[in-house]
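Note that subunit A is present in both complexes that follow, paired respectively with subunit B and with subunit C.
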Partner chain A sequence: MPTPLPPGGPPALRNISPRPRQKTGWWALPPVVALAFVFLYPLVLLVQQSLTPLEGGTSVRPYADVFADPAFREALGTTVWLALAATVGCLVLGFVLALVIAFVPFPGAKAVARFVDVFLSFPSFLITLALLFVYGTVGMANGMWTDVTGAASGPFQFLTTPWGVLLAEITYFTPFVMRPLLAAFSQIDTAQIEAASSLGAKAPRIVRQIILPEALPALAAGGSLVLIMCLNEFGIVLFTGAKGVTTLPTLVYSKAILESDWTGACVVAVVNVVISVSLYGLYRVVSRRAGA
Partner chain B sequence: MSGGSDIGIRFDGVSVAYGANTVLDSLDLTVERGEVMALLGPSGSGKTTALRAVAGFVQPVRGRVLIGDRDVTDLPPHRRGVGMVVQSYALFPHLRVEDNVAFGLKAQKADKAGIPARVAEALEMTGMAGYAKRYPRELSGGQQQRVAIARALAIRPGVLLLDEPLSALDAQLRSGMLAELARLHRELPEVSILYVTHDQVEALTLADRIAVMDQARLQDCGTPQELYRSPRTEFTASFVGNANLLPVRVGDGQVRLGDAELTVDTAGVAAGTTATLCVRPHLVGLGEGVNALRGTVAEVQWRGATHRLYVDVAGQRVKADVRELRVPPALGERVALHFAPEDAVLLSAGVSADE
Partner chain C sequence: MLVHSRKGKWTLWALFLVLFVPLFALPLLVIVAASFATNWSGAFPSGPTVEHYAAATRGESLEALTTSLVTALAASLLALLMGSWAALAAHALPKRGKRLLDTLFVLPVAVPSVVVGLAVLVAFSQPPFLLNGTRWIVILAHTVLVTAFAYQSVSAAIVRLDPAYEQAAASLGAKPSYVLWKVKLPLLLPSLNAAAGLCFALSMGELSATMMLYPPDWMPLPVRIFTATDRGSLFTGSAVAVVLMGATLLVLLAVSRIRTRASYR
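Then we have the complex of A and B:
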């Protein structure tokens, strides 16, 4: 942590500080305007479009129409439960894997930790593609089953269902939880763990009472990141669940590109943005209250 | 052995190695029940490794470690029942002081109803009773170390391991904590304490016996008085306290340093050989006398109550701590030093630590 300055700073600094600050204010204006134009103005256009029905004018009718659409409601529900389930899955799996990599000495632990970093750079649909090789209709698992039993098709037909999307999302996003966790674990004083075991604590108690409390901020950071990324995930859902699974991002895609319902697409996009932003806000409030 | 219960800790030929690098070389040492044993040595001497072998954090490649009459060599740390205090305190930052102290009792599934009383007792003993509800970050370094000691004592261990416990404290706190530790030891006469330190003052103050370690080996072991007054090796002489180590030729009842003939006890050292004469600087006086050493002043340091003089005598630099001088000698001035025959110890070359 940086050492806090004495209140008000040294007297010499305090006396000259107001002037430069005004100047920096002026200098900051052009980039802020540029950023607003590049990033915020398109969003404004999007919201404006979502309030403009086909017949013209401004009304909230498009929202009423979309909300009344059962396909939208289903997509909304699927999006939220998939994101929540994937986040929980990533947290549990990521915590266990990071724990093993960080605290169980085995040859190659460093290499595995480095591979986690590489994994983060993979495109998301790559995972889906890879899973197809294993669990796809003619993939390894089903191939083995049909070879052994002589049946016409294998038992693993879940890949195009929400469960397939969930598996792919957990596989892809778990490293996003592990990265901050491994960083947090490397900060833990091994003397604390040794002190705990000297005092008679076995591994489960040490994980629960020493490691977990220290890892909570990292878990919260990784979890919220994964939650938001899952809410907005497009590639995995499109690749895996193409037939049966619709989430908000794929709904935006099908409305805009396949149905040419531009207004409807904008409405769904706005809803998606609102959910993401409010979840992020909720996370900030919760984490601040937790003192993290 | 019928006296098995009199053992606090016993190292039985314990060796620890990382690959080809031996960090502890067949250590044989017994700490009696209720005894304070200091492991004294420079860093890398193997003293901390010895302590960690007792705690169970390093596995010896050879030898056995016994606590009481229990062979704990193959037991995991959580089944050894030792209290441990380290330099960094290692308090659990998210637990209040009382929960830190209760941690071991809960981990050992102690009777729930009895825990608050035992926590209070441990905090009382270390003078931290008023801080039970605080978090570690709200305490000073010395207070945190007291909590760490209370946490180690709460499980009522037979053995207390202290690993450089005062090294992170400033000098004034350190002497206060030394007195505290001595008091705790008087209040807990049954507890054996293994105290790892590189600070000879801590070892001399606190220990019943000192084991001097260097280069992964036990060099010497004895009471502080023995090691200080009559060290057996040059390493002990220089590390326990501070000594002038002068190469001399041994005669009959006297030794020669350059031209000077010095009367010392030469018992046990053969005449005609070379040996090392060990004299403590504060036992060297300025001026003529018996065993006079004449030389030129190379350096003078004023240390308040004393002057430290460095005098070159026959190619050797001799240190002398004398009471503050009104007129200290000038650099390059020829002076005489002297010491009493009974204040010198002759170390025969055969037992010197370095070849």
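Then we have the complex of A and C:
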């Protein structure tokens, strides 16, 4: 165990520290130049392309055209309400599940928490693929229904509607809320809960007055992260294969790859970036305040 | 313990099971079950077979697997190099410079991956840099997408590093480059490993940007899964998906073994 150094280090160190400090500024340059080349340069060209109408020249006409397009407005509306609903769903579900894992532990609760971590390393579209077998036209739920009632088809036909996308998003993104929540719950002093409960507080009151206030920063940080990821989700919507569900990312894809309308795709992309980056800035502020 | 009564506990656990199993455990089990089935028209799959795995490990799918592995390996190594270099350099900068680098290197997370794909496609389909149609454009896009995660985890680890070690080395006359190689990097090895695993897993499952720019001769596994299911061969698609999950888990496991060995050093 080394003895702790006084703040600022011993006097001898202060004499040598300025030397590397003067040089180190240049060391940041290579990775910054590399990132600028592979990321900022493409973004600049994206914006430039979005301002170039088919006839050539530079104008904001493409933006006016896209904003006037009802397909774009519908996609924007769908994206926003789906992301908001999924975020609310993830917050409620994640809070309840994390609460049980942390405060009413059962044998195997640790394993469940680890399973949640593994879940995060799988791509999102696997969930939609799985839901096709569970709630698809010939899947498990409908199969069970037709076996029992003898009907020709089952009642679960929501998979290709926005509700199917919503279910998949809530399933996939809830672990992203659970992880910061579990971390926050492990910081709560259990003595506080024991004291409240011995003074006669019932579980709902303890949750409301002790646990919820402590969890609010983690909820805010996790919720805003999920909101951004839902706004930008592509795989889930693509795998649903629903022509009726179009979000901003899938609109970018279909305009660029299926219609070869590059300028239109770039306009939608710029709108998507503006929404997402400004929300991300908000998330950074919130999570810094939460200490996450 | 929040709930003391036996009845209350069991009710909560039952609620947990009802929510957790169908939502989280079932999807993964269902994919595994479907990958061994020929038919799923009732409540349970029927016609057990391993034929889909035979299809999933040869021809197009095998090619997709190697494509994904090579892409993920290249992208995570490049991202690790770029991300940890930037994180180390940012740590030595004054506060304003560090904040600038922080913002710059997390920006790719905030930009939707589809847009990253489109931007890379637009930029590298025109002179002076023509990469469209080659495998390099896929590797480049994946690198951009995962660099932010490498940067974030390495820079979080640097903050936790005890400065006493490098100060001690420097006070004994070690040059900055020597301190970096012999003190800082070995201490950072566990988190570099973790970052590599994270980058690898993300790149293996990346679909959005890849859909925008993959050339026909460089098709990664997620795109292969999509084309299979889009054509209606759901069971082959699930077998390929199980191969994808298995490969990702194996690599994560290998990385975590290296990590435990490194942390004993």
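Here are some notes:
As a working rule, the second predicted complex is superposed on the first by the 258 of 292 C-alpha atoms of A that agree within 3 Å, B and C clash if a C-alpha of one lies under 4 Å from a C-alpha of the other, contacts with A are read in each partner's own complex, and residues count from 1 in each chain.
Operating definition for what follows: a residue touches a chain if its C-beta (ideal position, glycine included) is under 8 Å from a C-beta of that chain, and two chains touch if they have at least 3 such contacts.
Everything numeric here is computed off the predicted structure, so don't read it as measured data.
Look at A:Pro70: by the touch rule set out above, it reaches neither subunit B nor subunit C. Judged by the touch definition given at the top, the superposed model places A:Ile257 against subunit C, while subunit B stays out of reach. In the superposition on chain A, contact is made by A:Ser197 with both subunit B and subunit C. In the superposed model, A:Asp189 lies in contact with subunit B only, and not with subunit C.
Once the two structures are overlaid, the count of subunit A residues touched is higher for C than for its counterpart among subunit B and subunit C. Of the two partner chains, neither subunit B nor subunit C is touched by A:Gly57.
Contacts of A:Leu238 after superposition: subunit C is touched, whereas subunit B is not reached.
Once the two complexes are overlaid on the shared chain, A:Glu214 sits against subunit B while remaining clear of subunit C. By the touch criterion defined above, A:Gly150 reaches neither subunit B nor subunit C. On subunit A, the patch touched by subunit B and the patch touched by subunit C overlap at residues 197. For subunit A in complex with subunit B, the residues that touch the partner chain are 189, 191-192, 194-202, 205, 209-210, 213-214.
Those residues of subunit A whose C-beta lies close enough to touch subunit C in the complex are 2, 4-5, 9-10, 12-13, 16-17, 20-21, 23-25, 27-28, 30-32, 34-35, 38-39, 41-43, 45-46, 49, 93, 96-97, 99-101, 103-104, 106, 112, 115-116, 118-119, 121-127, 129-134, 138-140, 143-144, 146-147, 170-171, 174-175, 193, 197, 203, 206-207, 228, 231-232, 234-235, 238-239, 241, 248-249, 252-253, 256-257, 262, 265-266, 269, 272-273, 276-277, 279-281, 284. Listed in rising order, the residues of subunit C touching subunit A in the complex are 1-4, 8-9, 12-13, 15-16, 19-20, 22-28, 30-31, 33-34, 40-45, 82-83, 85-86, 88-90, 92-93, 97, 101, 104-116, 118-124, 126, 140, 143-144, 147, 163-164, 167-168, 170-171, 176, 198, 201-202, 204-208, 211-212, 222, 225-226, 229-230, 234, 237-238, 241, 244-245, 248-249, 252.
Of all residues in subunit B, those touching subunit A in their complex are 55-57, 76-84, 86, 88, 90-95, 103-104, 107-108, 148, 151-152, 155.
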